[in-house]
Amino acid sequence: MEFILGHYNYWVVIFLMMVGFYTVISRGNLVKKIVGLNVFQGSVFLLYISISTIEKGTVPILKEGFEVYSNPLPHVLILTAIVVGVATTALGLALVVRIKEAYGTIEEDEIHRQDHSL
Amino acid sequence: MYIAVTIAILITMALALARALMGPTVYDRIAAVNMFGTKTVLLIAVFAFFSGRADLLDIALVYALINFIGVIAVLRLVEQGEFHSGSEVCTKTDKTNSE
Amino acid sequence: MIDILSWVCLCSGGLLGVIGGIGIHRFPDFYTRLHAAGTTDTLCAMLILLGLGLQAGLSLDAFKLILIFVFLFFTSPTSSHALASAAMHGGLKPKLDSKE
Amino acid sequence: MIDLLINVTLLTFLAITAVAMVRMTDLFAIIMLFGIFSLLTAGLFVVMDAADVAFTEAAVGAGISTMLMLATLALIKAHQEKKPLGRRPWLPLVVVTVTGAALVYGTTDISNFGDPLAPPHTHVAPYYIEQSMADTGVPNMVTAVLASYRGFDTLGEVAVVFTAGVAVLLLLGSRRKKNNSTVDKEDSNDS
Amino acid sequence: MTHNLILRVVAKLLIPIIILFAFYVQFHGDFGPGGGFQAGVIFSAALILYALVFGLDAAEKIIPRWLLHLLAALGLVLYAGVGVVTMMLGGNYLEYGVLGSTQVSGQHLGILLIELGVGVTVAAVMLIFFFSFAGRSRS
């Protein structure tokens, strides 16, 4: 029981990661691919934060009456990663918009077909 | 005692999530997402008091704000997208102010 | 005394939340669902925040709670209203007949 | 106890949301669910004692990210995903299952969730927790590490954000001359 | 959404509070949760709300595009400039201790300055994202 509760986080993280991965490799729609990438990214964030947690710990901001703080280092890494993540997502979406304008579609197959028919 | 409130909020979240998953119309989903956001705000507020860290209330505040802006943005898209399916689709610009 | 009052507020808030949740799940069409979500949401949030505020007493925390309260007090009905009017203009008809 | 309860429930919600997101074909509904996904992630960050991260995720993930996706949807005017491509649908599934199984096998060696003696908590973290107040005078350790100990790292991150901004400007900044005109190469910015 | 008078009034009421909250998050980041990244995003969220309710053109009147481009670069320059200044004062790159009379006061000033740089850049870049995506649809 303790083993299951202690690893539930990691298993859900892996499940989410695989769901995101599956979306990226099996779906042809570019917007959906980006959503899948974001799910993958979110699972990595959750993994890091799960690792940083300490039982009966508290938020890493010094305050009277608290002794155990959770590990601040993964928080820093993930905090910046989230902002960078949204920046890259925006870049990907901008590319999708330009692809739509150039090809008239956002389905991967149709883009391939148009490329080959030239 | 906090645990009773927490469980109540979690049940509500589950019901709202179910509506968001099933929702026959777009508006049902938006209403469910809005409710979900409000419940998350409450959950964080309750958790902040339970754990004795009132700093977390800032996060609840940001949630309330972002949730509102998100709903307005979604409505913008839905409304304009359905009204102007012709050439003049200016989803994010206001009708009165667009050139 | 204040403790009991605060627990009463918290519990009734939680109860209202669950009722609203059941409402959003069971009601037949969008407008009734929005009614369930909108009305219970506001009161539920306010009761829970009031309960927490009674626990906090007079402090910075109480001020932040009041701020959250004000935020929800303004935004929640506004988004409900915007949602309903968008749905109305979007052509979603309320279900008026009582036959399922 | 209570945080474990919230933790497990929210994680389960998260898994359900993710599966629903893959199965749906309505792009609009997918983006709504992505908003819920972000909210849930941020809630989990709060429960796992990462206040700053939850703050960022709430503001960025749920706010800006969802809004950008909606704006994209408005631009591409395609609200429905075409039916998934039919060729060899089992291959991705097999790849994903094998990778997932390998990763789950790997978790058996990870120490339990919240174990205070786990390796990540024994090297540099105790130094930050004990010394950050004396070194920088800032009670928020995350800010201390972010801005002071690892300031150079953060400079790089800000540069990445700036670069992404410039790139988006190059891609989308110039006004379209006509509807569906082909690629217009004019760069409209000077930053 | 011309019929949404309520939305306009409430937005007018809320936007100043949001901007005030953004400044609180920016400058209180040392003591509570928050900092430049979050404050920048919240600040841009306030302007995005304005753009959503009153239109993109009205928002661009408040903060024109060239100003956004300038601010995005300026934040990064401020951040990197702090590093250069510490080098000129005899320390290493981004060693804030030399900025003040004591180690702690120097650190405090340095953290405040670079958080400001981060906040300005992030706010400007998020607004650039939104304006680019939203402005693309007008022909």
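To keep things simple, chains are lettered A, B, C, D and E as they appear, and every chain counts its residues starting from 1.
Everything that follows uses one rule, which is that a residue touches a chain if its C-beta (ideal position, glycine included) is under 8 Å from a C-beta of that chain, and two chains touch if they have at least 3 such contacts.
Every value quoted in this text rests on a predicted model; they were computed, and no experiment measured them.
**Student:** Give the chains in contact with both chain D and chain E, ordered by label.
**Tutor:** The shared contacts of chain D and chain E, listed by label, come to A, B.
**Student:** I need the common contact partners of chain B and chain C, sorted by label.
**Tutor:** Chains touching both chain B and chain C: E.
**Student:** Quick one: which chain's Cα centre is the longest way from chain B's?
**Tutor:** Looking at centroid distances, E is the chain farthest away.
**Student:** Chain pair with the most contact pairs?
**Tutor:** By number of C-beta pairs in contact, the leading chain pair is A-D.
**Student:** Please flag the chain sitting at the greatest distance from chain A, going by CA centroids.
**Tutor:** C
**Student:** Please compute the C-alpha centroid of chain B, do the same for chain E, then give the distance between them in whole Å.
**Tutor:** 24
**Student:** In angstrom, rounded to a whole number, how far apart do the mean CA points of chain A and chain C lie?
**Tutor:** The mean C-alpha positions of chain A and chain C differ by 31 Å.
**Student:** Averaged over CA atoms, how far is the centre of chain A from the centre of chain B? Could you give it in whole Å?
**Tutor:** That pair's centroid distance is 21 Å.
**Student:** Return the residues of chain D touching two or more other chains; collapse runs of consecutive numbers into ranges.
**Tutor:** Touching at least two other chains: 51-52, 54-56, 59-60, 63-64, 67-68, 71-75, 139-140, 142, 144, 146, 154, 161, 164-165, 168, 171-172, 176, 179.
**Student:** Provide the list of chain C residues touching at least two other chains, using ranges where the numbers run on.
**Tutor:** Correct list: 67, 71, 75, 78, 82, 89.
**Student:** Could you tell me which residues belong to chain A and also touch two or more other chains?
**Tutor:** 58-59, 61, 63, 79-80, 83, 87, 90, 93-94, 97, in rising order.
**Student:** So, with touch as defined above, which chain pairs make the list?
**Tutor:** Chains touch in the following pairs: A-B, A-D, A-E, B-C, B-D, B-E, C-E, D-E.
**Student:** Taking the touch rule as given, give the residues of chain C at its contact with chain B in the complex, in rising order.
**Tutor:** 7, 10-11, 13-15, 17-18, 20-22, 24-25, 30, 33-34, 37-38, 41, 44-45, 48-49, 51-52, 55-56, 59-61, 64-65, 67-68, 71-72, 75-76, 78-80, 82-83, 86-87, 89-92
**Student:** How about chain E: which of its residues touch chain C in the complex?
**Tutor:** 1, 3-4, 6-7, 10, 13-14, 17
**Student:** In their complex, what parts of chain B are in touch with chain C?
**Tutor:** By the definition above, chain B touches chain C via 1-2, 4-5, 7-9, 11-16, 18-19, 25, 27-28, 30-32, 34-35, 38-39, 41-42, 45-46, 49, 54, 57-58, 60-61, 64-65, 67-68, 71-72, 75, 78-79, 82-83.
**Student:** Under the definition above, what is the set of chain E residues touching chain B in their complex?
**Tutor:** These residues of chain E touch chain B: 1-2, 7, 14, 18, 21, 25, 32-34, 38, 42, 45, 48-49, 51-58, 133-135, 137-139.
**Student:** Residue numbers of chain A touching chain D in their complex, please.
**Tutor:** 2-3, 5-12, 14-23, 25-29, 31-32, 34-36, 38-39, 42, 45-46, 49-55, 57-63, 68-76, 78-80, 82-91, 93-98, 100-102, 104-109
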